[in-house]
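Structures incoming, each one as structure tokens.
In the two complexes that follow, chain A is the common piece, with chain B as its partner first and chain C second.
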Partner chain A sequence: MAKISVDGIEYDVNPENNLLQECLSQGLDLPYFCWHPCMGSVGACRQCAVKQYRNEEDKKGTIVMACMTPASDGSIISINDQQATDFRSHVIESLMISHPHDCPVCEEGGECHLQDMTQMSGHNYRRYDFKKVTHRNQNLGPFIGHEMNRCIACYRCVRFYNDYAGGEDLAALGSHHHVYFGRHEEGVLENEFSGNLAEVCPTGVFTDKTFSAHYTRKWDLQTAPSICAGCGVGCNTAPGERYGTLRRVVNRYHHDINGYFICDRGRFGYDANSSKQRVGKALYRHGQEAEFKPLSSLEAKRQFAAMTGGDVIGIGSPRATLESNIALRDRVGVENFYAGFSDAQFDCLQEVLKSLREPGLYCPDVRQIERSDCVLVVNEDITNTSARLALAIRQAGRNAATDLANEARIPLWQDAAVRELAQNTRSPLIIVSPQGSRLDDVASATHLLQLDNQIHLLQAVAHAIDPDALKPTASNEVDEALSSSIAAQLCQAKNPCLVSGISAESPALVKACVNVAKALRAYRKHNSAEQNPVALCFAMPEANSLGMALLLETGGKPLRAALQRLASGSADAAIVMENDLSLRTSQTALAEAMAGGVPLIVMDQLHNRFNEQAQLLLPSSSVFEQHGTWINYEGRAQSSYQVFRPSEDILASYERLSALDPMQECGVSSELIMQEFARANDAFSALTQLRPPRVGISASLKSPRQSHRFSGRTAMHAQDHVHESQQEQDRASALAFSMEGVMLQKDSSLMASPWSPAWNSNQSISKFQQEINGELQQGSKGELLCVRQSTETAYDAISAKRDEKLTCFIISQLFGSDEISANAPAIQARSLGPYACIGQELALACGIRQHGLVDITTQTGRVQLPVIIRRQIAPNCIGIYPANEVDKYALLLGEITLQAVPDEDSHIASSRAMFDHLLIKDALAREA
Partner chain B sequence: MTNSQLIASTAPRVQARTLTEQEVHDIEHELTLYPDKRAVGLEALKIVQKHQGWVSDESLLAVANFLEMSAHELDGVATFFNLIFRQPVGRKVMLFCNSVSCYIMGCEQIKAHISERLGIDYGETTADGQFTLIPVPCLGDCDRAPVMLMDGEQQRNLSIEKINEILAESAERE
Partner chain C sequence: MFRLIKDTLGSQCVTLWRVFMHAFAKTDTVEYPDVQPQMAARWRGRIILSRDPDGEERCVACNLCAVACPVDCIALQKAEDEEGRWYPEFFRINFSRCIMCGFCEEACPTNAIQLTPDFEMAEYVRQDMVWEKEDLLINGTGKYHDYNFYRIAGKKIAGKDKGEARNEEAPVNVRSLLP
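And then the complex of A and B:
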């Protein structure tokens, strides 16, 4: 700790930080632009000038940039000094010279850091009467709007996009007063984190284009704390609603998980909520009728009650809330409740749960991944399955730079200096994968192997680390050199981190990863100074994959058992909840099950291939329209709150399932379901702590979802009737659908939209952190449900065979693989149709041309797909991107044969347009 | 409608041209002098400009591909420097100093004369593609002001007569 004096008041500060950060940590108001808590200082904007004095006697002082000055012990500074204040007001005046006076039509208005800082710096009147510099804007694709005239050249955008997120297609162009932030030519901003530009930009240069299309001021949005349901990371989000439709999603700070940044799937996928595919009304088909008929909400409840009177089976879902899965199981009984994911995933998740309870290992949160000094990524294309983890892995590479900077005694917040020093020095990132990935640019090595060979390699690595781990048979010299080099890097690291996933649906892969972690644990126990646990995590495909697996431990059977029962017709009805079963099993198996003739009740948000077969199709709430609990890849339970109430036809699945009386308005609240369940099951007892009490946090008042200046409350429904309608009541949570109540900032799990006097932008979050970039004050971070056991388990035996025959692997895409977000128009504009991907050798052997069609046949399935030939792919592998259309389970079984479909230039041309969109650099030239 | 039909194409509007043998040779020489490829960006742009007169989008992409770097980043370098030309210039580029010493020595009248003779202002090129006039801050020859740099040759002690001579000489050589 160091002591500094600011305007005569002493503060205890961290001397490793700079003055700006420490002043903000102390809650002082000091304007800034270019500095960002995650990106450090470059001293570009000169806005945070303060007066620094050499000692007590020095009355004159010098002006310094707070962000570029260490908060060293004994520093004496003044923020309020007249010269410093004048300096800042002149800096803002010159930054604002070419800034247009367009706040009323600017999307940033009302939550603009530039507005806040201009006010704070006292630049209230403009004096510059001359011609402003103007720019041409670019079309940057479906996500990001561009209005360069508003730019104040703080360089935050390129520092985030290029330096932090690894983007390559945004640059600072030009110089002096003509600096232009854009692409070299118009086109889609490719990086998976481009949406953060809207939050990183202190003004309205980069804006959320989807939000602009149905724009509402920040203060007119109704917001509630939510959890992104796009994958299993569990990023915290703040969705906003107005007039009954969802308008946008922004990041909500969570210290351990997403921090300041979320991926573009999470940000732009929300529009699926208003998509044409939405099931808006209950639909019923009588017997064998072909056409659905709409039902009123009451008729739907009656029909549901009538159909579920007898022996009913229920199939849950890893993309539904924990409450809905519990309610379904309670409704149908444990013996009739089945997993909502494939059997292979079921098996994988059993292994993952074991690893989460294994002592001596830990499941790193996102911030812990960032701190790792050696990362091994196995098989999972992490950028496309759990993008936020990939962003963390990218930061982990910078730990080598941290070491260099410490040696050279350069403070870590000196961003430009540290990067200049490090150049291309990075901590090891080893990727073992069937194909090249978006992290290859920061990887120290990428080993392209098909799945069986990956498992074989992992076994060899485990053996090289700890000879007690079983040595795989049939290894050769190449393997040994490779495995011992990987082993050596993992052993040398202080915080090695293993990242894999269950996309390959291979329990053997999960076991092999766990074995490597166990070997490292053994090694560190005996040979290393580092005794801290070994980091091992598995990316989860869906928001509640792990939640469903945990629930199944307390009762439930795998999906195949449900399909058998359906095929044999031994049930009166089947409820399939928020689940497209055609994505969970092969079409043949599904068709057999459906042939059993059991009446099918499906509850879902969106129409899909599967629920068209239902007899009764009931509309379900999305994550934004219900309260719910989600369990992420770490086993962390988090609450999402209802942002707004949907139409009366749409109900949360748990509301429908827990309502026994059709006349009842709705069923039991999510809170009651959760409390009862947590009390009955020890493993879930932490869940009773998860949510703050419904009333009484602040006297008897609730916390408002609407801001204190929310407008139009009495006029919003005037087109329907002139009476002031009663506000919706929320009986299930501590939040109110109102602007009244106490702006509750005490519990961060209830704080969706931070605001503090003079801080209207998202930068106001620093007012609620214990220190900058630190934990939220009195913040709820969720509850970890998997408890480490005390006894270590032995290595898992795996039959590690090496395979040279042609195998198929499934490709994931950030934009398209998630079924819900894939229906958002902006995401659709970035997504691809199904395709196959092969290497050059295979292409030559089968006579397949670049972008031609390939015919893929297995024992159980056949499909024709456009093909991309790339360099970075394991030999004897074919990658298939199913785009939720191709029956992937049919292609994974038995021998695969490939055949070129005779070339027709027309289909080459049409698939070429699609492949222009694929973000890989190693595709072979068209002529090849 | 399948997703593929909704795609906004990201296909680049221009394709890289092929670098000439001489350009490749010159850039490869520079590569031996720097620790990594990206560092050669500026030199490579200068080489291309020397041979082509300016750096077109096609040339920029070619250099970026050759140096295995992002075209966006390279364009950041190219547009930062005033004297890397990202649009066509005349066969002769007049880098005319309008800084303080030259100003004292009357460069304004001389510039007015050039503009009148050629019909171009700063930043413009004559219709016949012969001359481009560009202001520069200082050419380091203040004791012989006013000066300009043309065709790699410093023209000192400029006067209206000297400008006429230079233009006449250029016309002769054509």
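And then the complex of A and C:
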């Protein structure tokens, strides 16, 4: 701790940080633009000028940039000094010289850092009479709008997009006052994190295009804290609603998980909520009728009660809330409750849960991954399955730079200096995968192997680290050299981190990863000074995959048992909750099950192939329309809150399932379901801590979902009825559907939209952090449900055999693989149809041409897909992107035969147009 | 004593005389509605939405009137045409709530929303006091004749390209390195 004096008041600060960061940490108002807590300082904007004095006697002082000056012990500075104040107001005046006077038609208006800082610096009237510099905009694709005239050249966009997120297609172009931030030519911004530009840009150059299409000012949005349901990372989000539809999703700061950034699936996938595919009304089909008939909400409740009277099967879902799964199990009984994911995933998740309870290992949160100095990614295409983890892995590469900077005694916030020093020095990132990935540019090595060989390699690595681990049979010299080099890098690291996933649906792979972690644990116990646990995490495909696995531990059976019962017809009805079973098992298995003739009740948000077969289709709420609990890949339970009430036809699944009386308004609240469940199951007892206690003052004083500036209250529904209806009541949470109540700053887990006087933009989050980029002041960060046991388990035996026969692996895409977000129009514009992906040798052997069609036949299935030939793909491997259309489970079994389909120019042209959107840099040229 | 009489009786007589003289004074009340009163231009009455000198809607749906409104009686939704011009998809004022305070007019950055001297807004049915954009929009500039927001703001719209707003240079050629 160091002591600094700011305007005569002493503060205890961290001397490793700069003055700007420490002033903000102390809650002082000091304007800034180019500095960002995650990106350090470059001193580009000159806005954070303060006066620094040499000592007590120095009355004159010098103006310094706070962001470029260390907060060293004994510093004496002044923010309010007249000269410093004048300096800042002149700087902002010159930054505003070419600003286009268009705040009323700017999407950033009202939450604009530039507006806030201009106010704070005291610049009011334009004195500059000469001409403004103007720029032409670019069309940057379906996500991001561009209005270059508003730019103040702070360089934050390129520093985030290129330096932080690893993008390559945004640059500072031009020179002097003509500098331009954009692409070399018009086109889609490729990076998976481009949406963050809207939040990183302090003004309105980069804005959310989907939000602009149904724009509402920040103060008019009704917001509630939510959790992204796009994958298993559990990023915190703040969705906003106006006039009954969802308008946007922005990042909500969580210190351990998403920090300041979320991926584009999470940010732009929200529009599926109001898509054409949405199930809006209950639909019923009598007997063998072809057409659905809509039911009123009351009829739907009656019909549901009538159909679920007898012996009912319930199939849960990893994309539904924990409450809904609990309510379903309570309704149908434990013996009738089945898992909502494939059997292979079921087995994988059992292994993952074991690893989460293994002592001496830990599951790193996103921030801990960032601190890791050697990362091994196995099989998972992490950018496309859990993108936020990929961003963290990218940052982990910078730890080598951190070490260099520490040696050279350069403070870490000196961003440009640290990057200059490090050049291309990176911490090791080893990728073992069947195909090249988006992280290859920062990887120290990418080993392209098919799944069986990966498992074999991992076994060899485990053996190389700890000889007690079983040596795999039949390894050759290449393998040994490779495995010992990987082992050496992992052993040298202080914080090695293993990242894999379950998208390959291979329990053996999970076991092999755990074995490597166990070997590292053993190695570090005997040979290393580092005694801290080993980081091991598995990316989860869906928001509640792990939640469902945990729930199944307290009772429930795998999906195959349900399909068998359905096929034999030994049930009166089956409830399938928020689950497209056609994505969980092969079409033949599903058709057999459906042939059993058990009446099918499906609850879902969106129409899909599967729920068209239902007899009763009930609309259920999305994550934005209900309270819920989600368990992420670490086993961290987090609460999401209802943002707005959907129409009365749409109910949360748990509301429908827990209401036994059809006449009842709605079922039991999610909070009650959760409390009862937590009390009954010790493993879930931490869930009672999750939501703020509602006793005493907080029971009656609610926290508003609407801002204190919320407008239009007496006019927004006046076209229907001029008499204002009562404000909706929320009895199930501590939030209110109004602007009444107190902004609960005492509980930041309830704070969706941070605001502080003079800080209207998202930068106001600094007012709620303990220190900049630190923990939020109060509130639940979520509860970790998996407790480490005390006894270590031995290595898992795996029959690892090398395999050279043709195998198939499944490709995931960030835009399209997730069932829900794939229906958002902006995501659809970026997603592809199904395709196959093969290597050059295989293509030559089978006579397949680039972008031609390939016919893939296995024992159980056959499909024709457009093909892309890549350099970066494991030999004898064919990757298939099913796009939720192709039956992937049919293709994974048995021998595969490939055959080229004779070229037709029309489909070559169409598949070529499709592949133009695919971000693969190593595809062969058309003629090759 | 004399002073007391002068202060009380005298003053009462003067008052009586003045009241009596009012019987012959010119009347202030008029025979409304046969005679229409003369309203000052700055009178805060019925709210209108005006058009700019080019005849286009002035309102850009910035929402500042709505947020300034103390009784929250303005609701609107932004829409955008193909060329980038913002306009309100709907614009609704609930006059049964409006208190004619004029804050909306003060807040408006484009002089679109204006209060007019018309006060004849009584209705038999309260629902009829909800006015939509079609009811509010007039075919003129209202009180402020010259202001045209889009001619000043640097956003491109139909008929006004980048660099054609007031005080703007032609768009930069990024590929040029000349000063």
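As a working rule, the second predicted complex is superposed on the first by the 922 of 928 C-alpha atoms of A that agree within 3 Å, B and C clash if a C-alpha of one lies under 4 Å from a C-alpha of the other, contacts with A are read in each partner's own complex, and residues count from 1 in each chain.
The rule is simple: a residue touches a chain if its C-beta (ideal position, glycine included) is under 8 Å from a C-beta of that chain, and two chains touch if they have at least 3 such contacts.
Note that the structure is a prediction, hence the values are computed from the model and not measured.
In the superposition on chain A, A:Thr216 contacts chain C only, with no contact to chain B. When the shared chain is aligned, no partner comes close enough to touch A:Arg731: not chain B, not chain C.
Ranking chain B and chain C by residues of chain A touched puts C first.
By the touch criterion defined above, A:Val722 reaches chain C but does not reach chain B. Look at A:Lys805: by the touch rule set out above, it reaches neither chain B nor chain C. Legend: residue contacts after superposition of the two complexes on their common chain; A:Ala829 is shown touching chain B, with no touch to chain C.
When the two complexes are overlaid on their common chain A, residue A:Asn424 makes contact with chain B while staying clear of chain C. When the two structures are aligned on the shared chain, A:Val188 is found in touch with chain B, with no touch to chain C. Of the two partner chains placed by the overlay, only chain B lies in contact with A:His917; chain C stays clear of it. In the overlay built on the shared chain, the residue A:Lys59 is in contact with neither chain B nor chain C. Put simply, chain A uses residues 173-175, 180 to touch chain B in one complex and chain C in the other.
Those residues of chain C that touch chain A in the complex are listed here as 60-64, 66-67, 69, 71-78, 80, 86, 92-94, 96-97, 109-110, 126-127, 129-130, 132, 149, 152-156, 162-163, 165, 167-177, 179. Those residues of chain B that touch chain A in the complex are listed here as 2-4, 6-14, 36, 57, 60, 70-76, 79-82. The part of chain A that touches chain B in the complex is made up of residues 141-142, 162, 168-175, 180, 183-188, 190, 423-424, 816, 822, 825, 828-833, 883, 885, 910-911, 913-914, 916-917.
Residues 100-105, 109-110, 129-137, 147, 149, 173-176, 178, 180, 182, 212-217, 219-220, 243, 709-716, 718-719, 721-723 of chain A are the ones touching chain C in the complex.
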